[in-house]
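Shared between the two complexes below is chain A, which has chain B as its partner in the first and chain C in the second.
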Partner chain A sequence: MLQQHGALMVLALLVIVGSVAFDSFATAGNAASVVVSSSFLAIIAIGMTFVIISGGIDLSVGSLFVLGGVLAAYGSQYGLLVALALPLGACGVVGLLQGLVIARTGMAPFIVTLAGLLGVRGLMLAISGEGATTYLVKNPAFASLGQGELLGLTYPVYITAALALVAMVLLQRTGFGQNVYAIGGNEQAAALMGVPVARTKVTVYVMSALLAGLAGALNAARLSSGVTILGIGLELDAIAAVVIGGTLLTGGAGGITGTVAGVLLLGVIQSLINQVGNLTSAFQQVVSGAFLALVVVAQRLLSKAQRLS
Partner chain B sequence: MNLRTACLALAVLLTASACAKAEEPQSAPAATSTAGQQVVQSPSGTAGPTCTLDQFGGKKFDLKTATVGFSQSEKEANPFRIAETKSIKDEAAKLGIARLKVTNAQSQFSKQITDVQQLIAQGAQLLVIAPLNSDGWEPVLQQAAAKKVPIITVDRKINAKACSDYLTFIGSDFYEQGKRAADRMIDALSGKGKVAILLGAPGNNVTTERTNGFKDRIKEKAPGITISFEQTGEFAREKGQQVTEQLIQSNPDINGIYAENDEMALGAVTALKGAGKEAGTIKIVSVDGTRSAVQGIADGWLHAVIESNPRFGPLAFETAQKFLDGQAIPDKVIISDRDYDTSNAKDSLGEAY
Partner chain C sequence: MRRTELAAVLEAKGISKRFPGVLALDGVHLALLPGEVHALVGENGAGKSTLIKVFTGVYHPDGGELRHHGAPAAFGTPLDAQRAGISTIYQEVNLVPMMSVARNLLLGREPRGRFGVIDATKMYAEAARVLSGYGVETDVRRPLRTLGIGAQQMVALARAVAVDARVVIMDEPTSSLEPREVETLFGVIRRLRDEGIAVMYVSHRLDELYQVCDRVTVLRDGRVAHTGPLAGLDRLKLISLMLGRELNEVKADGLTRFSRDRHRAADGQGPPAVEARGLTRRHVLDGIDVSVRPGEVVGLGGLLGAGRTETAKAIVGAMPLDGGQVLVAGLPLRGGSTTAAIRAGVSLLPEDRKAEGIVPTLSVRENIALAALPALARAGVVSDAKIDRMVEIFMRRLRIKAASPNQLVSELSGGNQQKVLLARWLAVRPKVLLLDEPTRGIDVGAKAEVQALIDELAEEGLGVLLISSDLEELVEGADRILVLREGAVVGELTGDEVTEERIMATIADDRAHLDGDDRGAVR
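So, the complex of A and B:
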């Protein structure tokens, strides 16, 4: 449990340091920008949490994110419903295929979803003229889904919060959630106990793909266009957020709270770098890497302290 | 368990290699501060629409004490971006602008949107943006408009309305660059042959206009030249090399390569060297004017380079100051670019970036 709190503690620490060091850090505007921009990664990371707890990995989410966005922008000319159904349908099918291959053939999720990463981006390039065609969102109802505001925060933030709550309940309070933990802990033992291994695996990959597609669609609504250069390396951000949130990369343990803290932590680190405002791009990477190392060390110390007490 | 460790190791390797594709160290540009400075093509009397502080609806402020934000799009890992960021920083220091905040989106468009929003949240009163993509700026434009923050975009355009969504655009005439590159290519091939295009990254006006300018000119002036291959090299050296390697496999009879930036042209040179070609057998024309490319002309590998000047600092702040002083600003400020060929490459090395 304390493992998950490592990210939260470092997050709290950084927020305090940031507020003291920079006048413009703890402002409503800056906080809103961190929360709003984090919400899209958070949606993807929620799906990734299920996948990683089940002992798998999903590298295709960055490509599904950009495909979802392009399809949503394209679909928006036919109305709100198509703008959502098209990306969710396409991403759902990709997730289903990946899940079936992983569950039925026992192939490594790393390889299957790596193929997904490449194939899906190729598909996106194919429907957007090698990425040169940017479909614009002309449908105001769909655009407001990404741009509408309530209490200074855009709708995607509330959608993310709702999804996180549902995911928490699913993971902690349902038989499906227990199955996910059981498979990640010990797949053979889970199968012997009668856990529907294949079905559970397929479900987590479909969920992950659907959430990535949804995040892409919401982002397209926010940007009013199906930008084609998005999502490169996004899968690594999502995996990083999940892991620094305390979910074990080997599966079997972890949770949504930690993941949300992990996503916010990445956002806050970025925001602090922007507050400093004169680091070169190379040095920015060094700083983010150093902070992530700090989180891992903090987690280690916390879990040691827990075992001793 | 072992498999997982292996996978993890592979993932780490992949990340590391993705991070390690930075530019090999270059000799630091030692040109004097005014050498190679940008020159506006038509300084006054342009017919296009203009914009004043009143029309825009902003308030006058002092640049020196204001917070100024600069959002760079790509890592400072290629000469163009290095020179661009340096020019903005140097000019700000020269003018005594104390609160310049620089962000870098590292080629991630989502990050650039967040970067600019955070610059606005930090109280930036002027934004200079080098956009990664031309579309998708809605959230930024809304916030900037609400606070009446003028935006100057440099080198690439934002698809929006000048004077209301953003103030103005400063950059080259990319269509013209494409046309001039075509003229050089026609000249090099005496009007006939097969040409390949290494396209820039998709989704921005630079790639589109450099392509259209080149193709239109070829069609108009040299019907004997066919464009038999075009593929994106994403403005990156290694991608340019990779695409050229495929090109010489699939089109061994190619006569010329038009690379839409120098990095891709240099990648193409590496590929041609690897395939055992002699310098100058395949004519390469590219756009940018980086030091390595101009050196490439001197070495005989490149035929000609059309300049695209990245030193935006002086012109950006001069435009901002004029605007704040109440003068009318044109909706686009087009700079004039030189070109390099064998006649001037050696002498111009000091001015290249």
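So, the complex of A and C:
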């Protein structure tokens, strides 16, 4: 809890600093653009939060994000329903396979999902003819899912907010959520307490994969095409957001509020770097890395200070 | 007896279980009857916990049959056993430390509100209500790990009993409880028995067995050595059955524990080996002064939460302090670092072996040698032969039962893990050894061995600070006893004053004092 608040506090601090330093930072337009561009990462990070709290990790989400986008764009020629069902179905199956292998064989999630990352990326390259074929979104209803606006924010923002709310309830207020915490906190004890360990683990990986696929589909709708080159390294952004949000990488503690704050924090950092302007993109990454390190240190100090007081 | 006519709720028929290198259970027959409290006893490593885990679906037997209400049963997982009405408190507290007390207690049966969603308010109220019935008054929202280990054990008990169970199995439930909590536990056990529930009870504290158990089964090396009513079975006879030795042999040995001439008045022999002055930490320690001279065994008495464990931790620098100082051989010790303490010759055997001691992924050999390595090393290199020799000595001396020194320590029985930890700190050859519940979970035979070893080392000049909730052990083992309450020393007993009655009285005195004038100030 404390650590989740840490992310929120650092976020507030950064926003204040940014507003003072740059005139164009604290504008409605900029805020909206941060929120909109963060929403896809947020959807993935919500799934990742469940996985990490359960004591696992999911490296396949970046590839699944791309796969979801390509399949959604391809499916959109057959209508809205197919455009959503195809990516969710395919990603769900991948998640199910990964979950089953992890839960049944006890293999390390890191390895299993790394295999998933590579395999899915290969699959995606095959579908798209080594990335040569780009599927365009033909269905206007589907496209509007990613592009439509309400009160200045695109639909994916609302979808993300709704998902975050559901995830929060799921995690805090259902038996499933409690089981996730218990498994991450002490798997052996959880099993002895009668928690269905295998089923819970499988569910968690399926959820993560579904959310990654959904994020990819929405992103394709936004861009009107399924782009194959995006999404590389996205799994690391998601993990970073979750951990910055105060969820323990070792499992057992954390929450959705922190993850959302973590995602926004990454978005704000990016936006601040853009404000500075004229940085090469390579240099941007250095700055954002340094920033991340700073944020994590600040967070630790803040939560320590809180605990002492 | 009427009971034996009843059908067994749960029955083991010729159960065998083999682990690599050891036959842990060898054709065990045991019938649990409704409304009985059945004691299961035996030396460390006899197979008690293994049998329990077979009953609860954790292990699957290699041979024999399990019967549940007369019908053959095979529990695939602990969940299956739980659904069949078999509820268990395992030897090591098996809860989730990071989750809140309430969630641990109610995991899997949280009160639901609208839409089937967990009602947090109700859950916390329910948890607080249930736990207060077990004498645990705490903020149930706090993570479980912030509770003392005894209180954690009570949470595990409350959890096991609250489930609608027909069989309740308890594996050494009292090893970390204080007398008052043991009484609560016994009350619960008697209530369960009167409700017709079958209780299986494992303990190394024999006097407890005679207080609550109706029948007893003795395991020895994985076989049933005896089974029958407990009343009328002589205590020494029971021990001889457990150890597999002749009755007169056991009688001759008596229950020898500490042999040294105890309770010599403190005769001020030389400067203290370790001296703590004014140890203070807000809400925990309130200006504790302790000193231990070479060759002296100082006991710390007091109830759970009195600050005994915390005092020991503070001395070795494992707990940050707001004030106070620790002097070793007259020189101040840099606080906040256990390395400094160990280097200066002060070691602590921690109370919670699972969380603070054992490294489960390492072997017995590595666990024993861990702390002694720096001392054994010459230019950073340690000779294997030297380690082997040392490990060999301790394994023999403490009768550590393992397939080989290279077996994973997590595969040992609970009592044997405790012995491994003790060996680790003895191997360091410290000047002062702080022992927090050193014989917790250790069987009668080995207990005497450990106590004799403490004596012997003290004779050689080791200073010992002994914490034990076993008053008998404290009285027989210590030269001098400090009684703590609410983080402060409230009495010192020396010479002939060192008796169980005096310790109780000193604690009680303070209770009376507390109930009187300044209760408001303390709460």
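Just so it is clear, the second predicted complex is superposed on the first by the 306 of 309 C-alpha atoms of A that agree within 3 Å, B and C clash if a C-alpha of one lies under 4 Å from a C-alpha of the other, contacts with A are read in each partner's own complex, and residues count from 1 in each chain.
In the analysis below, a contact is a pair of C-beta atoms (placed from the backbone, for glycine too) under 8 Å apart; a residue touches a chain by one contact, two chains touch by 3 or more.
Treat the numbers as computed from the prediction; the structure is a model and nothing was measured.
Of the two partner chains placed by the overlay, only chain C lies in contact with A:172; chain B stays clear of it. In the superposition on chain A, A:296 makes contact with neither chain B nor chain C.
Looking at the shared chain after the overlay, A:195 reaches chain C, while chain B stays out of its contact range.
When both complexes are overlaid on chain A, the residue A:80 reaches neither chain B nor chain C. Once chain A of one complex is fitted onto chain A of the other, the partner contacts of A:161 are absent, as it touches neither chain B nor chain C. In the superposition on chain A, A:123 makes contact with neither chain B nor chain C. Contact with chain B, but none with chain C, is seen for A:225 once the two complexes are overlaid on the shared chain. Considering which of chain B and chain C touches more of chain A, the answer is B.
Contacts of A:24 after superposition: chain B is touched, whereas chain C is not reached. Taken together, the two complexes place no residue of chain A in contact with both chain B and chain C. By the touch criterion stated above, chain A contacts chain B in their complex at residues 24, 27, 29-30, 32-34, 36-37, 40, 57, 108, 110, 128-132, 134, 136, 143, 147, 219, 222-225, 227-230, 232-233, 236, 239, 249-250, 267, 270-271, 273-275, 277-282, 284-285.
Across the complex, chain A meets chain C through its residues 169, 172-175, 178-179, 181-182, 185-186, 188-196, 252-253.
Residues 1, 3-4, 7-8, 10-11, 15, 18-19, 22, 72, 74-77, 85, 89, 100-104, 106-111, 113-115, 117-123, 132-139, 142, 199, 201-203, 207-208, 232 of chain B are the ones touching chain A in the complex. Residues 56, 58, 77-79, 82-83, 88, 90, 94-99, 103, 107-108, 110, 116-118, 120, 159 of chain C touch chain A in their complex.
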